[in-house]
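Have a look at these structures, which come just after this line.
In what comes next, chain A is part of two complexes: it sits with chain B in the first one and with chain C in the second one.
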Partner chain A sequence: MNAELKQALIDYLLAMADDELILGHRNSEWCGHAPILEEDIAFANIALDEIGHAIVWYELAADLSREERDIFANRMVYFRGAPDYRNTQMVELPKGDWAFTMLRQYLFDQFEMVRLEKLAQSSYAPLAEAAAKIRTEEIYHLRHTQAWVRRLGLGTDESHRRMQTALNELMRYYEQLFSPSLADTLLFQANMVPFQTELMVHTLELIVPFLVEANLIPPRGSNFVGPNDVIYRHEHTEHLNDLLSNLQQVARLDPMAKW
Partner chain B sequence: MSDTHASDTQWPRYMVLHQEREDKPHQHAGTVHASDAEMALLNARDVFVRRPDCVSLWVVRADLIFARTQEELALNPDWLDNIQATSDRTEAYYVFAKLTQKAQFSHIGEVEAENPPHALKMALQKYPKTQGLVWWVFPVKVVLKSTPDDIAAMFSPAATKDFRDQANFHALSVLRKLMRDQKQEAE
Partner chain C sequence: MMSKAVQEIWQALDEVKDPEIPVVSLVEMGIVRNVTVDDTRVIITITPTFSGCPALHIMKADIVQRLSILGYANVEIKTTFNPAWSTDWITESARAKLREFGLAPPPIHRGDLTVMLLEVATCPYCGSTNTSLRNSFGPTACRMIYYCNACNQPFEQFKAL
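After this line comes the complex of A and B, so read on.
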């Protein structure tokens, strides 16, 4: 693997890891606050799973960088500032209400399922193996979030209104998950990762009918066709700063501490 | 088992029955509240399948379970005799029993019956050697079950999650070691 391709793959892995880490952290904010006890436990599990997946991707990036896995992952998570994070804005938005949280998780899960199926065929074997393993867990996540989206979308006037509001908000950010970078083209040509546009088409084919069945109408302009403002992965909302100050608070008190 | 009262704003209760291995019976794991059976099954997975020892999960609404204790049966010895089959329209019922005070309800078998009391009568006749402290019967058709396809996604991932198993934290041995070290330092 030449240096340019390797760096592209590291960047790709970090972007994936950051999305999962930040979403997992946002989800963890429900711990102790979910609507019912059972869901509190279930959703905390999902939050832990996402953070676990982030660790897998950080570790693959560490191997490529020839760094110690633990040291690398800790540095990435605890000692980078917001501008160095590569997550999309969708996952850093505050957790909002339960409708927003469930819908965000559903949209992310469905995108991830589509991507993992493709990544499981990656020419980079460690990536293919990890994707196949994570995919089995995502099947369950998707089932869980689909169940909620359906019930809230078809539930009471209030639950439907909250879901539609969440959808209108989230669709403004969803497209960013599919924006390609120059490096992605290199990786695609090496058969390491899928083409972003292909992911977008497959994902939309799945989510649009599902949402409509749940009586939720994707807002106009969310077919991602036409001139939309591109958001780059180093651009963040102010919410990421708040999240990181919480996430990194303890580690930064004593950076040399052994855990 | 008490029924869900109309004034109760809580979601209905579902009994969760899990099977640890193919060669073991389904056993009562606990209860979850849920809006419906599908949600109950999903939440049952997260609440009760923390370790990978599960191959099958069932949920059944608690108010659909017909339950009688040994004492209740002993107090009304004639009660069962008065139950007679009146038609040939029967359906399959699951039979569960609690065999000791410490044990969970365990799957005993199935009977064909017209209604829940009739199912209990059939169960007592079919399993005369089973000393149930409490009996449960409920129609097979009201149970929502995981499928073999669910094992990979719902149950197996837990196998790699050591952090969920308290035994892996060695809390007691770590504590003892800390106390030993402290003691040695003091000496």
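After this line comes the complex of A and C, so read on.
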């Protein structure tokens, strides 16, 4: 693998890892606060899984960088500032209400499911193997969040209103997950990753009818592409700073701490 | 043919228990995939049950600890996702132990997880199939929570993967 391609793959893995880490951390904020005990258990598990998946992607990036896995992952998570994070804005937004949280997780899960199916065919074997593995776990996430979207979308006036409000807000950010970068084109040509536009088309084909069945109307229908809306992955809202100051607090106070 | 040293290591690893289910071993769970020994070191290849399983670090430490008793100081542990771990690999002996432990073993799915999700869970206490799913997630990443309507007992099932 030439240096340029390798760097593109490391960047791709870091972007995936950062999305999972930040979403997992946001989800973990519900631990002890979810609406019912069963959901507290379920959602803490989902948070743990997403953070676990982040570790898998950081480790693959570490292997490519020829760095020790734990050291690399810890450095990426605890010692980077917000501008160096490559997560999308959608996952860093505050957890909001239960409707917002569930809908965000559903949208992310469905996107991930489509991407993992494609990545399982990657010409880079370690990526294909990890994607195939993670996909089996994501089946449980998607089933869970789909049930909540249906329940709240078709529930009371209030639950429906909250879901529609969350959808209007989230769809503005969702598109960023599908924004291509120049590096993606290199990786696509090497059959390592799917084409972003293809992911978008597949994901929309799945989420739009599902949302409509749950009585939720995507604000711009099935065509959410807006040429003025491009947000780059180094651009963040102020919320990421708040999240990182919490996530990195102990590590920054005592960089040698072990737990 | 397996060398005596390799055989001895497999036997030792069969005594290392799953930290979250202390009645079954890492070998019975299908977590240990390969053992090789050369002059200077032992390489153990394991595969995570769940990719983000927090018990993985404990498993690695337990393996190193157990092999140090055998006199192996240089043990390297590799992880692999190829092929991805499947609950179908859990041995029959381990399934019986899980049941005894109060944990319903996962249904055999032969790769089709979607069909498997429709399977009825059997209560490990009374054997009834009159059970209902309460939570697809449980106290650890690998368990889900059911309720037995026959003996009025909540129980956990190992999540099929």
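Brief remarks follow.
Convention: the second predicted complex is superposed on the first by the 251 of 259 C-alpha atoms of A that agree within 3 Å, B and C clash if a C-alpha of one lies under 4 Å from a C-alpha of the other, contacts with A are read in each partner's own complex, and residues count from 1 in each chain.
One rule holds in what follows: contacts are C-beta pairs under 8 Å (C-beta built on N, C-alpha and C of every residue); 3 or more make two chains touch, one makes a residue touch a chain.
Model, not experiment: these values are computed from the prediction.
After alignment on the shared chain A, the placement of chain B and chain C results in a clash. By the touch criterion stated above, A:140 is placed in contact with chain B and with chain C alike.
Looking at the shared chain after the overlay, A:151 reaches chain B, while chain C stays out of its contact range. When the shared chain is aligned, chain B and chain C each come close enough to touch A:42.
More residues of chain A are touched by C (comparison of chain B with chain C).
Of the two partner chains placed by the overlay, neither chain B nor chain C lies in contact with A:202. Once chain A of one complex is fitted onto chain A of the other, the partner contacts of A:233 are absent, as it touches neither chain B nor chain C. Once both structures are placed on chain A, chain A residues 38, 41-42, 45, 48-49, 52, 136-137, 139-140, 143-144 are touched by chain B and, in the other complex, by chain C. Of all residues in chain B, those touching chain A in their complex are 11, 32-35, 38-39, 42-43, 45-47, 152-154, 156-157, 161, 163. Those residues of chain A that touch chain B in the shared complex are 36-39, 41-42, 45, 48-49, 52, 136-137, 139-140, 143-144, 147, 151.
Per the touch definition, chain A reaches chain C in the complex via residues 38, 41-43, 45-46, 48-53, 55-56, 125-126, 129-130, 132-134, 136-137, 139-140, 143-144. Those residues of chain C that touch chain A in the shared complex are 48, 50-54, 80-82, 84-85, 113-114, 117, 134-139, 141, 145, 159, 161.
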